[in-house]
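The two complexes that follow have chain A in common; it is paired with chain B in the first and with chain C in the second.
Showing the complex of A and B:
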C-alpha cells in the first residue's frame, strides 16, 4: 500500500510537471507564438486580432503567477482554449474526436506487440543454444528500423503495388459511421497497415528485453529447484522463470511507451490516420499553437496514466511490493 | 598489443563493427567520391539507379547518392552530438543521485522520472515548433535535452548497488574524498553501462532527427537522411514507385541502428556472461562457473606436471601444495557396515568443462556408495567439484559441463538398479523429487519470490500426486511445515515474509513432501548464522530418524560433517582424495589434504 501511495504521489508530481511544462514552453521558448503567426501573415493582421490571439493563448501582461493561476483554473474546467485552424471549435472538442482513434490503434497494437514480443522472448530463451539464437541479431534490425520508413515501405508494397489495403484515412467516407458491418469492416481494413507497422517496429524491443531477463533468471536457484522438483518444462519456464523475468519488462514500460507513442505519431501522419498524432502534425504545420499545446498535454497525461496502470499491475505481479512498509 | 587481439571474437560484435566502420567511412569519404552537389538539380528527373546516378535521382533531378552520403555525415553527426551531451548529463545526474542519496537523490529521481515518462517525440515536436529558425545545432540540442533520462535511471541504480560493494566501502573507510571515489572507483565499474547507453543514444539521436525532419520540423535546408525522406514523401515518391529515393536513407538508419545494437551485445555479454549464445564456454551459467573455478584449479595442477610449466614463476606455495596433494594416492576405506542396502551407487563419474583454454576436469573418476538412511558427508573447498558431482546425480548440470563417463545406479526396493544418467526425459521427471530431492545452498534464492509457499508445495503435489484433492494437498503442506517447526498457517506467506532460517526450513519441508529416498543438501546451512545453523541441523537429524531418507550433505565445514555423518568423502580439485567411515576420517586420516583440513580445525579448536 505504501508502495502504491508512493507511486501515486510520483505520478501526481509528474502530471503536475507536464501541466506546468505545457504552461512554460510557449512563454520561455525564444519564439513568441503570436509573433510567429504575425510573421507568417507578413504583418497583414489587425492589431485587434493580435490582442485577441494573445488572449486566446492566455498571454497577457499580467504577472506570470496570475497567468499560471488562470491557466490552472481553465484547465480544471477542461478548457484548453480555442483552436485556430478549426476556429471557433474548442481545442478539447478537436482532441475528443481524435483521441478514440489513437487509443484504439496504439492501445491495441501496444498490447499485441508486448504479448507477442514477450512470448517470443521466452521461447527464444527456452531454445538457447539452438539455431534460433541466430534470430536474435536479426531482431536488432527491427528494433532500430524507423517507424515511418517501415510504414512507407509497407504502403509501397501492399497499398500501391498490390492494392490490398487503402492508403489513408481511418474509414471509407462512403460508409455511415455507426455500429454497422460496412463501417466496422472499413475501420478494420484501414487499421491493418498502420497496426502492422507499429507492431513490427516495436515488438523487437520486447523480445530482446525479455530474452535478456530470461537468460539471467534461468541461472537462478529457484529455477534449478523447480527443475529438480520434476515439474513439467512448461511450468518451469512459465511459472518460475518467465513469471520473474517479466517484472523488469513491466517496469520498463515507461521507456518503451514513449517511443511507441512517438512512433505512432509518425505512423498516423503517413496514413493520414485521424488520431492525436496526425492532428498534432497538422497543428504544428498550421501553427495552431493552442491545439498543439492541448494535444501535448493530453498525450503526456495518457502516457502517465498508462504508466500508473503498469505499476498497479506490477503490484499484483510482485508480492514484495504489497507488504513493504 | 597486437591488432588481432583488439579484434573481437564474437561474430555479432564483428558484424556490428563492420557496419559502423563502413558508415563512418561513407560519411568521411563519401562526399569525395560523389560527383554532384547534394542540392544541384538536373535534367534527369526520377531516374532509377544508373551508372551516372548510382542511386537514381529525385523529382527535381538531384543525385540521390550525393544526398545519401551527405545525409550520412549530418545524421551521424547529430547522433554523435546527442549521445555525447546527453550521456554526460545522464552520468552526472545518475551518479550524483545514486552516490549522495538523500534529498539530492530524491530530487534527481523525480526530475529523471518526469523526463522518462513524458513522451519524447511529442515534447520534441512542441519544442521545435517554437524555435524561430531551426538549424541542425538547435535540433540536436533539443534532442539531447529529451533523451538522457533512461541512461540516468540505469546508472543511478548501478551506483546505488556499487556504493555498498566492498571496494567502495573500503575506499570510504580509508578516507578518500567523495569525488575521488566517484571518478576512481565508481565510474570505471560503470563503463559497460555508459558505453551501452552511448550506443543507444546515437541510435536514438539519429532516429529522432530523422523523425523530426520527416515531419518537416527539422532543418530542411540541410540534407540529412530525415529530410531526404521528407522530400521523398512530399514528392510522393512511393506513388511513382521511386523506391530508390526513400529506401536507401531508411534502410541505412535501420542497418546502422542494428550495427550499434550488435556492438552492444558484445558489451552486454562482457558485463554478464550468462547472456552469451553459441558454442563452448559461452553458455556457462552460475553453477557452471562456480564449478569451473574448481576445474581451473585442477587444470593448473595438471599443467604443473608438464615440464614447460614448471619454470612458470606463478607457481607459488599453494600450487606446490596442490601438487603434493595430487601425487598422494587417494585413500579409500571400505565403508562401515550399515544395516541398509545400497540405494545409490556412483561409479567412476567423470565430468568435463570444455573451455576456450582447453578442457578442464570438474569431476575426475569419483565412485561413492550411499545406503538407505545413511548420511554421507561430502567435504571440500568451493570449487573442489562437490557441487558438480551432486548436480550430476540430480541431473542438474548445465552446459558446458558434460558427463563423459561413469554411471549413477539407483536401486528401488526389490528391483534391479537403474542408471540415473540414462533416464529419458519423462523417467527423469518422475524420478525427481519423488525419489531424490534437493535442498539448495541458499534458500533466499531457492524459493520463487513471487509465488506463495503453498503454491510451491502445490505444484509438486499436483504433478506427482494427481489423484490428491486440494484439501488433502493443503493439509499435507501445513503438516510438513509443522514438522519443520513452522506454524501451518504460514503456508500462505510469500518467501520475503520469512526469516532466512525459516526459508531454509521451508525448503527442507518442500524437499520432504513426497517422502523421497534421497535428499541432496548442497551446503544447506552455510548462509545461516551459527545458532540458526545448529537448529536446522538438529531438525534435519530428527526428520531423518522419522522419515528414514538418506542424505548427501555437502559443505566445506569438516567439523560439522564429523559430527553428523555416517561416512565422509573428501574432494579436492575434482578428485576423491579420501573416503570412509566418519570415525576413521577423524582418527586416522591418511591423505595430506584431509590432514591439512583436520589440522586447521585442531588449531581453531586450540585457540578457542
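Showing the complex of A and C:
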C-alpha cells in the first residue's frame, strides 16, 4: 500500500510538471498566429482588423503568472480554450472529433500487433533451432525500414497500381455517417491499408521481446521438469513458460496503449486519416497554440495514467514489488 | 510542399482556413420514382484543403466553413472586383450623406430568412451594431459608430469619411437578430445557420458538408443547382480527385494542369486563372541603397519576368503590369497613357542606368554603391514556398548580369513574417491582394498609415514607402463618393508605381479556378469575366452560383 501511495504521489507531481510545461512551451516558441493568418490571407485583410483578430483569439499581454492562473482555472473546468484554426470551435470539440478515429485505428492495430506478435514469439521460441528461426530477421526487416517508406510502397502497390483500397481518408464521402452497412464497410475499407502498415511496422518488436523472454524461461528447471513429466507440449509452452515470460510484455503493452492517444502522426499524415496525429501536425503548421496545448495535455496525461496502471499491474503480477513496500 | 498560401484566396478576409459545408439530402430537391424522373443536380466543390471539418458556420469567424458566406449569408450590395459597379442584393440602394460619414441602405422587401421570418432593416442594423459591441467580429475593420433602422432603411454612421469602404460595407452579410441577439457572436459556432441565401445547411459530417436549395429564396428562379457538396480534400488527394472528375469546381494549385486535369476530358475540363493579387519584390526603401529610385529601376529592367512566370509559376500566372493593376479585374481603372505599357527586360539599359548613377563594378564583377557599399543582398523567403524559392534562384542569376549579387535565403514562414514586419530584411517577395479594388491594393503597399518608422513594426507596407503625393491620392480617393474623381486618384497612384517603383511588381497572383462543364455550364471565363472564378472567392461565389445551369442529360 505504501508503495502504491508513493507511486501515486510521484505521478501527481509528474502530471503537474506536464501541465506546467504544456503551458510554458507554446508561449516560449517564436511566432505569432495572427501574423501567420494575415499572411495566409494574401494581405486581403484590413490591417485594422488585426486588433480584432487578436482580441478574438484571446491573445493578451497579461503577465505570465496571471495567464498561468487563468490556464489552471480553465483547465479545472475542462475548458481547453478555443482553437485558432477552427476558431471559434472549442479545442475539446476538435479533439473529440479526431479521437475516435485514432482510438479505432491505432488502438485496434496496437492490440492486434500485441496479440499476433506475442503469439508468434511464443511459437517461434518453442521451435527454436528449426527453419522458423529465419522468420525473425524477416520480421525485423519490416520494423527496421523507415515507416513512411514502407507505407508509401504499400500505397503505391495496393492503392495506386492495383487499386484495391482507397488512398486516403477515413470513409467515402458518398456514404451517410451512421450505423449502416455502406458506411461501416467504407470505414473498414479505408482502414485496411493504414492498419496493415502499422501492424507490419510494429509487431516485430513484440515477437522479439516475447521470443527472447521465452528463451530464458525455457532454460529454467521447472520447464525441463514439466517436459520430463511428459506433460503435453501445449501445456508446457503456454502454462509453464509463456505465463512467466509474458510479464515484461504486459507492462510494455500498457505503455503502448497509453501512447495510442497520441496517434501515429506518420500514418495519419500519409493516409490523410482525420485522427489526433494529423490534427496535431496541422496545429503545429498553423501555430494553433491552444489546440497543440490541448493535444499535448491529453497525450501526456494518458501516458502518465498508463504508466501508473502498468505499475499497479506489476504489483499484482510480481510479488517482489509487494514485499519491498 | 506547395505553398499553402495558394489556397487562400482573396475572399472577404473571412473565409480562410475554411472547411466545406455539406448540404442535406432532403433539401428542396426531388427524385421522382416514375419515368421521366428528375435527378437532382449536385455541384461538388473543392475550395480548400482540410483533413476534416468542424461545425462552424459563424460568418464572423475567420475560419468559417466555406460556403457559409455567399451561399447562406448574402451581401447587401454585391461588390466583386470583376464588376465595375456594385450589384444591389439584399439592399436595393446605398446613399451617402453627411460628407461621407453616413451611409444609408434601402432594404429589399419580400426577403425571408430560411426559417420563414421576414428579413428586415432591424436585422441589418443589429448586425452592424454587433461589429461595434463585439469588436472581435469586425474582421473587415469597418469604421462603424452605430446603425439605426427606420422603416425599410438602415442608417450607418461611420467614425470617418467612408467612401473608401463602400465596397466592404456593401459586402457585409447581415445575420438574423432573432437568433443572434441572445448569442455571443465571437464564441458561437452557429451550428445550424439560418440565412437569406439560396442554400441552407443540411447534413454535416467531418468529411463532407452539403448545402441544399432553400425553399424560400427571394430570387429562386436564378438558382438551378439543387445541391452543393464540399468533400474534404488534402493536398495529396486533391489533384488525383480532380483528374478523376470528382469535382465540378475547384480552387487549388495543380502542377502540370494540362496533363493531370485537362487532357483527362479535354471537352469538359477547363481552367481560368485570372490575376487576383500581385507578387512584388519588396525592399525597405527607407534605407540605402534602396532609397535610390535609379537602383530600383535598374533592378526592374534586369528582371526577366517571363522567365519567372514560366519557370517558377509554370506559366499559370501573367506577368505584372507596370501600373501594378491586377488584370483583367481592374482594367477599367487603367490610365490611358499606360494602356499599352509593358515591363521590358533590358540588361544593357539597366547597366547604363547603374553606371550613370555611380554604381561602379568592383574587381569581382559586383557593383559598389557611390558610398562604397557592395550591392550584395539577401532575398529572404519562406523555404516552404517552393515557387518563390525558384523565383529567388532565377533572380540571383538574372541580377548577376547587372553586377548585383542576390543570395536566396530560405527561412521559416514565421521568421520571414517577422523580418517583413520589422523591416530587417534586404529583399523579399510579398503579395498584396486585390481586396475589393485598386484602392485596397495600392493602400496595402504604399500607405504611410501601414508603414512604420525605422525600428518599429510595419503593418503591411513592408517596403515602408512613405510619400506625400501618394498620401494625397489615397486621401482624395477616400474623401469622395464621385467615381470619376476616385478613378483619377487611382490613376495618380498608377503613375507613382510606374515612375517610382515603391515595390517592384513582378507577377500577378492567380485566382485558382478549375471547373468542369460536364454537369454545369455558365462559368466565368476570359470571354465572360463576370466574376473571379475561384470557389473560395466571396462574394463572387454567389454570383457564379446564380449563373450556373445543369446540363440536360
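The definition used in the following text is that the second predicted complex is superposed on the first by the 234 of 325 C-alpha atoms of A that agree within 3 Å, B and C clash if a C-alpha of one lies under 4 Å from a C-alpha of the other, contacts with A are read in each partner's own complex, and residues count from 1 in each chain.
FYI, a contact is a pair of C-beta atoms (placed from the backbone, for glycine too) under 8 Å apart; a residue touches a chain by one contact, two chains touch by 3 or more.
Small disclaimer: the values here were computed from a predicted structure and weren't measured.
By the touch criterion stated above, A:82 is placed in contact with chain C alone, chain B being left untouched. Using the contact criterion defined above for the overlaid structures, shared-chain residue A:97 touches chain C, although it does not reach chain B. By the document's definition of touching, of the two partners only chain B reaches A:319; chain C does not.
In the superposition on chain A, A:65 contacts neither chain B nor chain C. Once the two structures are superposed, chain B and chain C can be ranked by residues of chain A touched, with B on top.
Looking at the shared chain after the overlay, A:221 reaches chain B, while chain C stays out of its contact range. In the superposed model, A:287 lies in contact with both chain B and chain C.
Once the two complexes are laid over each other on the shared chain, residue contacts for A:232 go to chain B alone; chain C is not touched.
Within chain A, the residues touching chain B in one complex and chain C in the other are 30-31, 36, 285, 287. Residues 4-5, 8-11, 13, 16-17, 19, 25, 51-52, 54-56, 58, 61-63, 135-141, 143, 168, 186-189, 203, 205-208, 229, 231-232, 234, 236-237, 240, 276-277, 413-415, 417-418, 421, 430-435, 440, 444, 449-450, 459-460, 509 of chain C touch chain A in their complex. Chain contact summary for the complex, chain A toward chain B: residues 10-11, 13-14, 17-18, 21, 25-26, 29-31, 33, 36, 128-129, 133, 136-137, 140-141, 143-150, 152-153, 155-156, 160-161, 212, 215-216, 218-222, 224-232, 235, 239-240, 243-244, 247, 254-255, 257-259, 261-263, 265-266, 269-270, 280-281, 284-285, 287, 289, 292-293, 295-296, 299-300, 303-304, 307, 317-320, 323.
Of all residues in chain A, only 30-32, 35-53, 55-56, 82-89, 93-94, 97-98, 167-171, 173, 176-177, 272, 274, 278-279, 282, 285-287 touch chain C in the complex they form. By the touch criterion given at the top, residues 12, 15, 110, 113-114, 116-123, 125-127, 129-132, 150, 203, 207, 210-211, 214-217, 229, 232-233, 238-239, 241, 243, 246-247, 249-251, 253-258, 260-262, 265, 268, 272, 274-275, 277-278, 283, 285-287, 394, 396, 399, 428-434, 437-438, 440-442, 445-452, 459-460, 463-464, 494, 496-497, 507, 510 of chain B touch chain A in their complex.
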